[in-house]
Structure formats: structure tokens, C-alpha cells
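Alright, structures below, take your time with them.
Presented sequentially are two complexes of subunit A, the first with subunit B as partner and the second with subunit C.
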Partner chain A sequence: MAAQLFFNGLVTGLLIALPALALTIVFGVLKFANFAVGSMLTLGAYAAWVANVQLGLPLFGAAAIAALTVAGAGLLADQLAFERLRARGSITLLVASMGVSLVIENVCRFFFGNASRGFDVALSRPIRWEGIRINQEQITIAITVAVCLVLVDALLRFTPLGRAMRAVADNASLAAVRGVERRTIARLTWVLVGALLGLAGVLAGLDRAIDPLIGWNYQIPIFAAAILGGLGSPLGAVAGALVIGVAEEMSALVIPTNYRQVVSFSVILALLLFRANGLFGAKAARK
Partner chain B sequence: MSAPAPIAALSATDLRAGYGRGDDIVRGISLDQAPETILAVIGPNGSGKSSLVKTLAGLLDIRAGRVAVTGRDVTRETPAKRVAAGLAYVPQEANVFPNLTIGENLKLATEFLRGRAGVGPEQRERVLGLFPEIGARLKTRAGDLSGGQRQMLAFASALLANPEALLLDEPSAGLSPKIVGQTMEAIVRVRETGVTVLLVEQNVAAALDVADEAVVLVAGQVSLRASASDMKAADLGALFFAKVA
Partner chain C sequence: MIAYLVTIAILVCVAALVGLALNLQWGQAGLVNFGVVGFVAIGAYAAALLTPQVGWLPAMIAAGALSAALSAGLALLSIRLEENYLAIVTLGFGEVVRLVILNEGWLTNGALGIPDIPRPFASLGESIGGDAVFIVFALGLLAIVFLALEGMARSPFGRALRAIRDDATVTSALGKNVFLLRVKAFAVGGAVMGVAGALHAYYLTYIDPSQFTPIVTAYAFMAVIAGGRGSNVGLLVGAGSIMALLEGTRFLKDVIPVIDGVQLSALRLGLIGAGIVLLLILRPQGLVPEPKRRAADVLPKAGGGR
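Let's look at the complex of A and B:
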């Protein structure tokens, strides 16, 4: 039982890792906590559902459509709201992202209603390994997230765009006088973040039914993971997501599963009280 | 017939700038700087020295006036485009990316400068020749460097863009007297490579030792411009604290 919960927790953690990474990248590069992270994930799930169920594309193609759709939505939100409010500071941008979140959620409600939906994927028997039941969706989630994390890590460490994003995160003014156009980097950051959230939406849609609140169900764990890892630290976001995922699942041993989000709230509360920089935050913030 | 005056490497005309909706901090500054010279900008605290270089670099919005680099108007250009036009800037503090390695700091200094002539391996070799201690530690995190080493990395990063003019904002700030001496020597070496240097300094003696000319800024205006040797003989205390209209 405990081993099964631990395994499920790791997979849940991996699922949270992509949006937590997206949240921490926006916080690091664009300097605000993007409250629309959950609703952008929801948009990704619906975009993939349209491509998969209504257009008949395989899930792989639907995932690409979801990534492009949410990347486009991120660019649009940046153009219409965030860029215009950039000079007003991070609190204004946070409030603006709440507005963006409400808009996206209600657009999804308008077009798709409140009914639950699911992808058109073949049912398959779970695999049993060392007494642990592993289903096909969990394998898909684990492989997809692992590949994405490797690719994002490589992008951040080895490409000019990654260096520029890390430089802007370190010191945006200095990056500007080293020839880096902040506006271009902001746009490319939204493309990357949108793609991650689009894919996260597809994986969330594999894990549970798609409805207008699918992203909201992950919102608190995503924030808890990013804060636990230290906002602005990509490695921290992934580590934080795994810890939160496992902690939430393992909590079923001691509290009813309906209350498992108490774990995320408790982590946020404890961090704010005792270690506001999170696990990796002190290093990430060092100047 | 006399030869035409050379185009100024750096030129500011009736420049006015300030923060937010506040009063002008830079209040109508005009200055032309001849190529391959060091111009020291000195003045009391709050006289607008750092604001002037930020305005020239494009980090502070220009309310009126004009900035040109080797005759090219860059007034409306972003900071990044000004670098591509030949205007490099080393801020007073936080002048390297601490979470990037030395190698990454150096790479970043050129990889977004499309179309800038003279940016490439030869320039990199030349610049690292000026600062050999930087080239030997490419994998070290910039945040782990001492103050003097950070200053050298900041100079090197700016010079990799092959600038016509280099803006330095108080490069001696926070450094020990020995390191200040080395920093000033480095500035002279930079000028010898053909770069025009505008040097904002609080350490007046050190700045006048290496400068060709100097301007005194008081309350956001130029109150005196003279050769460095004449400036050394001037009563700077009286100038610094003179009442300005």
C-alpha cells in the first residue's frame, strides 16, 4: 500500500513538475507569480481534447496543438495585459494574471460547458511490478515529463536563449546593455511556458476528467511545489513538485484523501513562516 | 582651409531625463567627446552623474535632447540596440551575472549583437589578452569572483561588443586602493585599444590621473569643462558646493 502510494506520488509530482517549472520560469524571468498557471493548463487540456476527440488526431498530435494553443494564449495575454503593466510592478502583474485566469476559465466554460470530458485513448491493462500497479497513463506522464525536463534543462544551460533568460532573471537591466532585448526574451519565455502548460494540460487530462476546473485542482500543489523549491529556481521547482506529489499521496495513510490538499497548504504555510526562500531559493536569489 | 572637426565618438545635446513623474535629474546636458579620449565626469553626490550615464545607455527615458554615437542618432533606440550601435556600458554595481559562469557572461556579451562589426573570435582574443586572469577561469561562477575580478569581467564583457564608446559608472566603488589603481590602469589600456571612455567617478584624484578632460556636474548641469590637468588645479570644493540656479 505504502509503495503504491509512493509510486503514485512520484507520478503526481512529475505531473505537477511541468506547471511548477513554468511558474518558476515566469517568476524568475518576468518577475511575477503567474496566477493563470492553472487556467492555462485547463486551456491546454481542452485544446488537446478538441484535436484528439473532435479532429481525430492521435494524442501526440493533440499535445502539439495544445502546446501551440497555450503558447499563443500566453503571447496574447502578454501583449494585451502583462507588457502594458510591466512597469507597475509584480503585485499589479499578479492581479492581472488573476484576471487572465478568470477570462481563460470562462472562455473554456463558454465553449465546452461544465460537463466532464476525456481523451479518446485505448484502454490498456496496468502492469504489475514488485506489487506496484503501473498503468499506461502513468508511464506516458513519466516519460513525457522526463523528456521535457531534460529538454528545458538543456535549453536553459546550453542555448543562447537559455543564457539570455537566466541573464534576464539575474539582472534585466544589465542584460539589456549586453544586447539582450527584454521584449523578445519575454515573448520567447511565454512561448516556452505556454508549451509546458499545454503539455501539462494533456497529461492532466490523462490523469483525470477534463472540466473547467481541472487546472484549479492543481493550482495549490503547483504553487506549493514552486515555493518549496524556491521561486525562480527550475531545479527547485522539480524537486518541490516531487516532494509535494509524494507527500500528498502518502498523506492518504493518515488523513482522508479528500483533504490531501491540506498538505500543500501546510507546506506553503510552513515555508512562509520558517524558510521563505524555499529549498533552493537562497542560492537562486544570491547576487 | 582648416580640416573638418572629427565626428564626436559620443555626443549628448540638451539632454533631459528623470525618474517616473519626478523632476528632471539630468537638466540640459550637452557634451561632445573626441574619439579615443577619456572624459571624466565628476561632481558631488546626487549631481546626476549616474543618471547621465544611464540616460546615455538607454536605461533612463530621455525627456528631451539627443544622443549620438559616432554621429548616429540613438536617442530612440533600446539599450540593446545602442550596444549594437557601438555604445557599451558598465554599471556601478551588479555589473556581471552572478549565477552565470565567466564563460557564459562572455558568450552572452556578443551572441545577441547581430550585425555589429568586429565582434568575433579575434576581438575575444584581444579582450582576454587585456584581462588574462578572466580567460583562465571560464568555468567559475561570476558570483564567486572578488570585487576587482568582477570589475575586470564587466570590462571584458562590455569590450567584447567592440564598442566605439564605453560608459563606466564609478568603477572604483567598493574596491581597495590597490585594486582601484589596477582598475584605472585597465581603463587606460582600454583607451589604448581605440575605445572612447566616459568615466563617471567619485574618486576625483584617480579619475583625473587617467582622464584627458573632465566635466564637473552640479545639480544635473555641466558647471565646468576643462583639461584634466587644469581641473586638478581648480578649486573643486567651491565648484561642487556652489549654488546652482
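Let's look at the complex of A and C:
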């Protein structure tokens, strides 16, 4: 039982890792907490659903469409809202991101209603291994996320774009002096983040039913993971996501499952009180 | 038609109370609270559960006090945090409140909600018409809270809060206890949200968890942004115009027949989101900008003048 929960927790953690990474990258490069992560994930799930169920594409192609759709939505939100408010500080930006979140969530609700939907995928028997049940979906999630994480890590570490993003995150003025175009970097950041959130939406849709609140349900775990890792630290976000995933699933052993979400909230609160910079250290969270 | 206008007026009163509270916390003190709905829900449930036992006035006071106490507690824990973190902590608090209400059925009756909440002056209402009495009650309550908060905004406390919002470091260098002032702002705001929740419960006489979604928080932000951050008069204008707009969109259904109920509510909520962003971009100072208060208006005339 405990081993099964631990395994489920790792998969949930991997699922949260992508949006947590997206949140932390936006925070690092653009300096605000994007409260629209959840709704962008929802948009990804619906985009993939349309491609998969209505257009009959295989899930792989649907995932690509989801990634492109959310990347486009991210660019649009940046162009129409975030860029115009950039000079007004992070409080304004995070309130605006809440507004963007409402818009995206309700665009999805407008077109698809409140009904639950699922992808058109063949049901398959779970594999048993050492007494642990492993679903096909869980394997898909784990492999996809692992590949994404390696790619994002390589992108941030080794490519000129990654270097430029880290430079802007570190010191935007200095990066500008060295000829790094902040505006271009911001746009490319949204493309990357949108792709991650789109994929996360597809994986979330494999894990549970797709409805307009699918992303909102992950909102607090995502933030908990990113804060646990230290907002702005990509590696930390992934580690934080695994910890949150395992903690949420394992909590079923001690508290009623209805209160699973409280775990993430308690982690955030405890962490901010006792170790405000996250487990992996980041810029100060306290004033 | 009259009955419909009365309904809107009462809804405006509730929205304005919530907005006034957020305007104190966010507008004047600069503290983001994404858990507004949690405090409103606490007030509503406290009022619903206590009114049959102790009567409406003690119940309403208890609703405000409980909400204020929890607000102060949350602030004690988290108000030192940088705004991004405060935002997520308060959002999480709102969700926790919702979970508790949903799952602690022995107290809150879970998803079924609490029916038959007695209204204040219900016996008076029977003789002259319930809503007529209730709107006087709601407007009276709004007037009292408005005057209290407006007085607070003009008091040294309000000035200190705005000083903190504009520059916390300077304010603390001038000897103000920034931490304590922020906790107080949060507590007072929490109290007003609790009272707003109680009014909501009395008006509907039935509450359930589905009434307390994060949308309530979004309305409050919209009202504050529309009215003008920090301006209480603006807040009333903002809350009024938003409710008018929201109620107006109800009639869209008659104009555009293809839209169903879910789509209509999605449209309204999406408009709120778009409205928040647009107003932040196009009219950040709001409809009624916060009055610029100069030192000369505040200081005693001893200075000798110009």
C-alpha cells in the first residue's frame, strides 16, 4: 500500500513538475508569479482533446497541437497584457495574471461546457511489478516528463537562448548592456513555458477527466512545488514537485483523502515560515 | 421590476462591503489577498449557524470577529512575505476554507448547505414586505461600514497604511511598526468581509459551498480596480457599475438565443477577467482616483502657511 502510494506520488510529482518549471521560469525571467498556470494547463488539455477526439489525431500529434496552442496563448497574453503592465511592478502583474486566468478558463468553458471529457485512448491493463500497479498512462507521463526535463535542462544550460534567459533572469539591465534583447527573450520564454504547460495539460488529461477546472485543481500543488524548490530555480522546481507529489499521495495514510490539497498549502506555509528561500535557496521571499 | 432592482441593490451592498474590505487591504495597505472568498464564507457560515441560537446582532458580530481573528492569524504568519508569496498563501487559505466547509458536514452540512437562515427584522418584514426592510438594513450596514472605513482612511492609521504601501522602508525608518500596522489592516479587512458574508447569508437565507468560489475574490478585485485603488467612494461606484454590468449581461440571453446558461456564465466571468486586465492597462487610477492628500490638509495650521 505504502509502496503503491509512493509510486503514484512520484508520477503525480512528475506531472506537477512541468507546470512548476513553467511557473518558476516565468518568475525568474519576467519577475512575477503567473497565476494563469492552471488555466493555461486547462487550455492545453482542451486543445489536445479537440485534436484527439474531434479531429481524430493520435495523442502524440494532439500533444504537439496543445503545446503550440498554449505557446500562442502565452505570447498573446504577454503581448496584450503582461508587457504593457511590466513597468508597474509584480503586484499589478500577478493581479493581471489572475484576470488572464479567468479569461482562459472561461473561454474553455464557453466552448466546451462544464461536462467532463476524456481522450480517445485504448484502455489497457495495468502492469504489475513487485506488487505495484503501474498504468500505461503513468508510464506515458513519466517518460514524457523525463524527456521534457532533459530537453529543458539542456536548453537552459547549453544553448545561446538558455544562456540569454538566465542572463535576463539574473540581471536584466546587465543582459541588455551585453546586447540581449529582453523583449525577444520574454517572447521565447512564453513559447517555452506555453509548450510545457500544453504538454502538462495533455498529461493531466490522461490522469483525470478534462473539465474547465482541471488546471485550477493543480494550482496550489504547482505553487507549492515551485516555492519548495525556491521560486526561480528550475532544478528546485522539479525536486519540489516530486516531494509535493509524494507528500500528497502518502498523506492518504494519515489524513482523509478529501484533505489532500491541504498538504500542499501546509507545505507552502511551513516552508515560508521556516525556510523562506526554499530547499534549494533562491532570492529572499521575505520583505 | 422594482423587486429586481431591489435584488440588484442588495447584491451591490454585499459586493461593496467585500470590495471596501479589499480596498483597505490591497488598495490602501498594498497587501494582496487572493483568499477574499474564504473570509466571506467564514462570515456567512458563522452567521448562518449562530443566528438561530443567539439572534442576528450577536451572530453578525461573531461572524466579523471570527473572520477578523482568522485574518489576523493568517497575517501574523504570512504578512512578512513578499507579495507573490502572500498571494499564494491567501489563495491557499481560501481553498482550505472551502475544503473544510465541504467536508465537515457535521458543522456545515457539507455540499447540501444550510437552509432557512433567519433574516434580521423578519417579523417587521412580514408586515411591510421582506425585501423592503432588508434593503434598508443592507444600506444601513453599508453606510456604517463605509463611514467607519472612510474615517479610518483619514485617520493617522490610514495615512500610515498608505505610507507603507508607497514605501515600507521609509515608513519603518520613521518609527512606524510596519508589521503590526499590516496585521491590523488585514484583521479589519477580514472583519468587514465576515460581515459581508453574514449579509449574503441573510439575504439568500440559504448558503452552500458553491456560492463561495474564487469568483467572489475576482469580483472584489474588479471592484477595487474599477473604482480606483485606495478610494472608498470609487469603490462604491466600482462595485455598483460591475454589478449593473453583470446583471445587464443576463439579458444577453434574450438577445443572442444560441447561448445557453453555462455559456452565459462563462461569458460573464470571462468579461470580469478581461475587465481586470483592461482597466489595469487603460485606467489604472480607476473611475474615481484616490484623492491626493497633501501634508497641508492634515497638519495643524501651526506652521503659519503660505
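The rule is simple: the second predicted complex is superposed on the first by the 281 of 287 C-alpha atoms of A that agree within 3 Å, B and C clash if a C-alpha of one lies under 4 Å from a C-alpha of the other, contacts with A are read in each partner's own complex, and residues count from 1 in each chain.
Rule of thumb we're sticking to: a contact is a pair of C-beta atoms (placed from the backbone, for glycine too) under 8 Å apart; a residue touches a chain by one contact, two chains touch by 3 or more.
Computed from a prediction, not measured in an experiment: that's the story for all the values here.
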item	value
Simultaneous placement of subunit C and subunit B on subunit A, clash or fit	fit
Spatial angle subunit C-subunit A-subunit B, Cα centroids [nearest 10 degrees]	90
Contacts of A:Phe6 with subunit B and subunit C, given as first, second, both or neither	neither
Contacts of A:Ala33 with subunit B and subunit C, given as first, second, both or neither	second
Superposed model, subunit A: greater residue contact from subunit B or subunit C	C
Partner chain(s) touched by A:Asn114 [first = subunit B, second = subunit C, both, neither]	second
Partner chain in contact with A:Pro256 - subunit B first, subunit C second, else both or neither	second
Overlay on chain A, subunit C to subunit B nearest C-alpha distance, Å	15
Contact residues of subunit A, present in both the subunit B and the subunit C interface	284, 286-287
Complex contact set, residues of subunit C against subunit A	30, 32, 34, 77-78, 80-85, 87-89, 91-93, 95-96, 99, 102-103, 168, 214, 218, 221, 225, 262-263, 265-267, 269-270, 272-277, 280-281, 284
Subunit C partner contacts - residues on subunit A that touch it in the complex	27, 32-33, 35, 80-81, 84-85, 88, 90-92, 94-96, 98-103, 105-107, 109-110, 113-114, 212, 216, 219-220, 223, 227, 231, 256, 258-259, 261-262, 264-265, 268-269, 272-273, 276, 284-287
Subunit A-touching residues of subunit B, taken from the complex the two chains share	57-59, 78-80, 82-84, 88-89, 91, 94-100, 104, 107-113, 143, 157, 161
Of all residues in subunit A, those that touch subunit B in their complex	160, 163-164, 166-167, 169-171, 173-183, 284, 286-287
